[in-house]
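Chain lettering (A, B and C) follows the sequence in which the chains are written, and residue indices restart at 1 in each chain.
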């Protein structure tokens, strides 16, 4: 926006008469402080400082009020900590693979609504509902769905004669992670659907009409025009989903606590356990885990952004 | 034969919705350049889109070539369209944009290559083939859109206000480009615009539309010199035709049109016709370029006379526009040569050839047809 | 627009209308079914549920809600959640709007730096601040207190609030501010009289968004509060489930209590909610 040089006649309205403040886009130091200081204080005090402190703590063993400097010991221990590596593996599996499921489901659902089914507006609102539920609610619901004796899943399988498939979904180390991924996808499908739908609706109508004249049926339109033009949105959704899953805690904690046998142990559940559940109650080691993980997450996001985010704007 | 026929074609949104295209009858001959002209909302774009197959036809019959195509999907109608917003595929290069339609139709690679190269050469796109649309200017994009239609070698080309998004200079260039291609290809082209300059310069025939209906169809100059109603009369021509309400009065053994500020003989109509109109009100029209401030310029021909008060004088260099208030609320514009020594608020007398007058029914606006003007060379 | 497209867009050939309707119907059952199941179970006693998990309630045991509310402490949990969430949302909206306005409107050195710092903290995994926050709250005697939790909640939602509001505020035309300056308004007045009213749609959206996210927040609540009578709703339900995991009827009722406010907000503000929650994702 261009700055306006306000005639000096109006300057007496401002508290200060300094000429530079005639520009409405400049404010005095005092005004900026009033606006920014509270938020910055909260940020520094409750986000920045704690982050630094966690990093700082990682070089200590902290039991109660005693802090013993141990240098890089925590980090060395971390490298050989098998549980940690299992949790990293689980979290990575989740973070890299599940978003594909999320985005594809979201796109398919959005296309179904875009095709102009009746009650599309109702379906859009209905399908979005799980996004609003807390993880506690979702976890409890799906624990009941997965229940071996009377859960919906096994009951349905038994009812249609597929008894052999009825399993202990959360109790079998081979199935538990998949079960959690499905649960998590159930909650978030609606979100991806809404974003994809909005993106599809914002595609220029005339380009789609041009493709119709170019002999594109639905399949060709999807493959050659719609999906390529949606690429920025789809990749954005992937990255958002990725970030979300790198942080996941609530769902896992309530449904499996990281079990059975660490099949669903994620970095966040492991940090929680080491910090608050173990008898040693040493806060230094989990701080080290948290610090490492912080670096990993940030690096992953930056790398993913470089790799996937399209640099050229699809201008239309 | 690339003939397009519209038979009472109509479009209505929903059973109780607005009728945006109302029983349009139009026959477009092989190789013709037909311009659909009209103000925004007159239904011309909707008509074009019905021809293209992008809008469903509510009623009426549409034929392309010798078959009825109401139910035929757009891609099978052998038409190509150039959109107002170019509608290029933003993620594909120019070459891919040109080739896309052919690839989807399973043309042989060699044939695709040939057609793309030909179109690129003709339109000057060869250095741009690897670029994406975002790296092109508006004029270049429109040429790519034109090329995309050309490679299809369709039976009919459709244009939906293709020049609206271009600036004035580019518009002139692209306009002549399209005309050039029409001469070269000899294809049937249907062109929608609201700009009468485009219509006058490009069309073999123009179809003026108003509120969903056809107002008049004809060659551009025919429509200009013999408008079918006051709407067409005022839509073509800049400044618009001057109109005034007058009464037809018998004087001696002829008739004149007379109003408080205008009086003119009516030389192009037979006594019977004028007799029927006697003592009735009509709308008379005179084009701005037919008004003269110097009566002598008319030679000795019968002349009409209008008197008014000057409201504005607009010297444009090559000509001067004079705005005159002839009655309360009625303004006439005269196009006068070079410089005119008239001041604002002056009373001024303007003269016009009597056979330059148009007469329209005061109620319906429809033209009351007389003899052709003898001073216009067709 | 969607209606006009529906008129034109023929469905894919391999999807007859029937097949598509079936798929959509199944997905809707998949999405809403569990929730409906929960609702029915919340008005049945555990005995009835154990007998048949999927029956429609014969008798609607509304008193389950009263029992859960009064006897099982859900009232306490509910009020704790309300206090903390309403408080945090109010504070974060105010602080966030002020900061967003300053960042969107004023040119000063470090503007983009401050914005970048605030914005980038959205990707922080919670663990990086969790452990230290625990220690800090203990040090300041705010551990196990609703006030402490509220402060932490403010810090959790601040980056997102600033991000969403800055985007919106930046789009307010500069002309309005220029005119106000000429009229003699001071900066704080401009914020109150121009930014807040005009930015109300975005502020409302952010408000609803923050409300939903904090109402459902679990990790920090479970770490920073240990007193049973200070628990927020998610933690309370979890604890209840831990203690009475066989008492399915009561758990269902408790869960319904936590879900109902969210559903009510959703019914009234579904469009705003959907738009708000997906705001940053659309490119």
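We take it that a residue touches a chain if its C-beta (ideal position, glycine included) is under 8 Å from a C-beta of that chain, and two chains touch if they have at least 3 such contacts.
Just so you know, these numbers come straight off a predicted model, no measurement behind them.
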item: Far-end chain from chain C, centres as C-alpha averages; value: B
item: Of A-C and A-B, whichever chain pair has more C-beta contact pairs; value: A-C
item: Distance from chain B to chain A - Cα centre to Cα centre, in angstrom; value: 57
item: Between chain C and chain A, distance of the C-alpha-averaged centres to the nearest whole Å; value: 15
item: Of all residues in chain B, the ones touching two or more other chains; value: 54
item: Set of chain C residues in contact with two or more other chains; value: 7
item: Where chain A touches two or more other chains at once, by residue number; value: none
item: Residue ranges of chain A touching chain B (in the complex, touch as defined); value: 204, 206-207, 209-216, 220, 224-225, 228-229, 231, 312-316
item: Complex interface listing, chain B residues touching chain A; value: 52, 54, 73-75, 79-81, 83-85, 87-91, 100-101, 104-105, 132-134, 148
item: Residues of chain C defined as touching chain A within the complex; value: 1-3, 5-7, 9-13, 15, 20-21, 23-24, 27-28, 30-35, 37-38, 53-54, 95-96, 98-99, 101-103, 105-108, 114, 117-118, 121, 123-136, 151-152, 154-155, 158-159, 162, 173-174, 177-178, 180-188, 191, 212, 215-219, 223, 234, 237-238, 241, 248, 251, 255, 258-259, 262-263, 266, 270, 273-274, 277-278, 281-283
item: List of chain A residues in touch with chain C within their complex; value: 1-2, 4, 6, 10, 12-15, 24-28, 31-32, 34-36, 38-40, 42-43, 45-51, 53-55, 57, 109, 112, 114-117, 120, 123-137, 140-142, 144-145, 150, 152, 155, 186, 189-191, 194-195, 198-199, 201-202, 205, 217-219, 232-233, 236-237, 240, 243, 246-247, 249-250, 253-254, 267-268, 271-272, 275-276, 283, 286-287, 289-291, 293-294, 297-298, 301
